[in-house]
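Before I ask anything, let me first share the structure, which is written out below as structure tokens.
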Amino acid sequence: MSIIVLHGSTRDDGNTEQLAEHVLKGIPHDNILLRDKKILPIDDLRHAEGGFRPVEDDYDEVIQRVLEHDVLIFATPVYWYGMTGILKNFIDRWSQSLRDERYDFKALIAQKRAYVIAVGGDQPRIKALPLIQQFKYTFDFVNLPFQGYIIGQASKPGDIVKDTRAAKEAEWLNEELRQQ
Amino acid sequence: MSIIVLHGSTRDDGNTEQLAEHVLKGIPHDNILLRDKKILPIDDLRHAEGGFRPVEDDYDEVIQRVLEHDVLIFATPVYWYGMTGILKNFIDRWSQSLRDERYDFKALIAQKRAYVIAVGGDQPRIKALPLIQQFKYTFDFVNLPFQGYIIGQASKPGDIVKDTRAAKEAEWLNEELRQQ
Amino acid sequence: MSIIVLHGSTRDDGNTEQLAEHVLKGIPHDNILLRDKKILPIDDLRHAEGGFRPVEDDYDEVIQRVLEHDVLIFATPVYWYGMTGILKNFIDRWSQSLRDERYDFKALIAQKRAYVIAVGGDQPRIKALPLIQQFKYTFDFVNLPFQGYIIGQASKPGDIVKDTRAAKEAEWLNEELRQQ
Amino acid sequence: MSIIVLHGSTRDDGNTEQLAEHVLKGIPHDNILLRDKKILPIDDLRHAEGGFRPVEDDYDEVIQRVLEHDVLIFATPVYWYGMTGILKNFIDRWSQSLRDERYDFKALIAQKRAYVIAVGGDQPRIKALPLIQQFKYTFDFVNLPFQGYIIGQASKPGDIVKDTRAAKEAEWLNEELRQQ
């Protein structure tokens, strides 16, 4: 079993990354920092003549790397009660992958398992619930099993260490990932 | 009272735009097509020395134009059960505006009123509800009154005309906007 | 096609009933006022020896009457952001019907279609959305198609007439029901 | 600091009660089993002449006992994606307490803190989120701080011991309650 973490944060070593590291302590995994990739917003050409066209950015490379793994962990700070725009742009592009004839995206991603790690500053265990529901609908659409999520609370750099509940949940997820 | 519509769609004359036009029939208003603007993802420098730096893109121009109006209508297709990535990137940048010393963003935006028009293909009146809740939390954060929303259902180009319920609601919103 | 309205309100001729009447203007339908029925809370005997036992109340009569119709309209005031306790007790009893050997509850109810009418006083178009989501999960569990919902806003007796949006939506639902 | 647990389950020693016991291990607390109390559905007389009338049941006794404590823990199985009908009937009656002239319900309850323990069988960490949101709105309405919640997964009697995640969270809540 191999694991990849997709980091949606825009800040280096922020609270979400720290919580993800805690979750993955001692477990080999790949990391993709979306902020270091160039991923353009989707241009919705589903109904245009000729359909989607090749896009000159890093999306192809990233999605290929994602598809090489068994467990996908989406780690995102909560920006305005949702995932970050850079992660959203990445997921929006799945609509293009769904029509990509080079591979069967839906069949491939359905064989994997997904987790979400989200860290927010404003009552995230309540106000990030719509975000969790969106991930659920998104994963359901591509038949990707949603195995679990952790919500952490933090605002200033380093705050996440004070969230004893998130720490407990990180322990749980660490154990769960080891057993797979 | 003056109205501005922020269009989050990536497709020209799509269902969301058509529903917005129906809502605004006969009512003068400004339109911003975010897909024609260059708006970079936020770089979260809230906690960095020196804070946020000026960004070379169209965000400043867009937010200035938004702030000149009384009624803000956010019109977005539902992409993966959320707003589009380009609209999300725009809203993410509000974090920068909140710390911009050139104006008091929170005070200014709190004087306005917001509406949302969202159109999706997959059971949007259920599956776009988390998106509506996110808009609510977002508007609450800046004390922007959330006056109402319309959810339409459509997938293929032009489908929105078949949604008789959305049409009724567009009539209601048209009347409401005229009375302001 | 025959229609039944299940009224969850505890008040005679309240706002929810008025909105339901507006929806059903000119359309023949059956009404059940749950407040006039004796429906005990479920006693969860799913795992007890012998399973559920017959209960001396009006539940059997009510569920039989419900199952005679094609369209089920659940009309409930929003009490504390949920359905009323009397309606909840009625739905809780479905767990007993699911194990009732006298009929195949799941097969029978799956042939019907459901609508919800909910009226609340405190920002119901936002704060009643969790209730709508619960109805969705509930109907999905028994494969009952959820065809639509209307949310109205009203507090004092008669207030619902001021909700012009709910009136528009009632018109839409009236037309939709006539076409079935 | 004193703690009271309000049990909404209808089954003796069910999964929800077991999880609550785990949470409260070694911590003195009061328990109320709502299934052993007679609590009638509210009769909404807010707008009737003379208002609410005294009701002959156990509600008064229960709410008085609740108000003697500092920490309120609502422990409910997830029935049809919501709280149980007997707990809902209890909360519905708060509308009567809000108008009770014998005490200032809102002022008294606002001095307490609330937790929720919910156990469900069908993907509760997703499908019980609307229930959590309803508790949030409910507590907000009476200014009762919502300090946290635990969601457990279990169907058959005793299943809850297999939920290692809920166990971790119960540990966290046990520690949190001890520190108060």
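Residue numbering begins at 1 within each chain, and the chains themselves are lettered A, B, C and D in the order written.
Definition applied: a contact is a pair of C-beta atoms (placed from the backbone, for glycine too) under 8 Å apart; a residue touches a chain by one contact, two chains touch by 3 or more.
A quick map from chain label to UniProt name: A, B, C, D = Multimeric flavodoxin WrbA.
All values reported here derive from a predicted model rather than from experimental measurement.
Enquirer: Suppose chain centres are the mean of their C-alpha atoms. Which chain sits farthest from chain C (Multimeric flavodoxin WrbA)?
Expert: Of all the other chains, the one whose centre lies farthest from chain C (Multimeric flavodoxin WrbA) is A.
Enquirer: Have a look at A-B, A-D or C-D and name the one that copies the B-C interface, over half of its contact pairs being the same.
Expert: Of the listed pairs A-B, A-D or C-D, the one copying the B-C interface is A-D.
Enquirer: Give, as an integer number of Å, the spacing between the C-alpha centres of chain D (Multimeric flavodoxin WrbA) and chain A (Multimeric flavodoxin WrbA).
Expert: One centre to the other, that is 34 Å.
Enquirer: Between chain B (Multimeric flavodoxin WrbA) and chain D (Multimeric flavodoxin WrbA), tell me the centre distance in angstrom, where each centre is the average of that chain's C-alpha atoms.
Expert: Result: the chain centres lie 38 Å from each other.
Enquirer: Averaging over Cα atoms per chain, report the distance between chain C (Multimeric flavodoxin WrbA) and chain D (Multimeric flavodoxin WrbA) in Å.
Expert: 24
Enquirer: Specify, in ascending order, the residues of chain A (Multimeric flavodoxin WrbA) that touch 2 or more different other chains.
Expert: Residues 129, 133.
Enquirer: Note which residues of chain C (Multimeric flavodoxin WrbA) are touching chain D (Multimeric flavodoxin WrbA) in the complex, please.
Expert: Of all residues in chain C (Multimeric flavodoxin WrbA), those touching chain D (Multimeric flavodoxin WrbA) are 9-11, 14, 35, 41-45, 47, 77, 79-86, 88-92, 94-95, 122, 127, 129-131, 133-134, 137-138, 141, 156-157.
Enquirer: Using the touch definition from the top, list the residues of chain C (Multimeric flavodoxin WrbA) that touch chain B (Multimeric flavodoxin WrbA) in their complex.
Expert: Against chain B (Multimeric flavodoxin WrbA), the touching part of chain C (Multimeric flavodoxin WrbA) is residues 125-126, 129, 132-133, 136, 146, 148-149, 164-165, 168-169, 171-172, 175-176.
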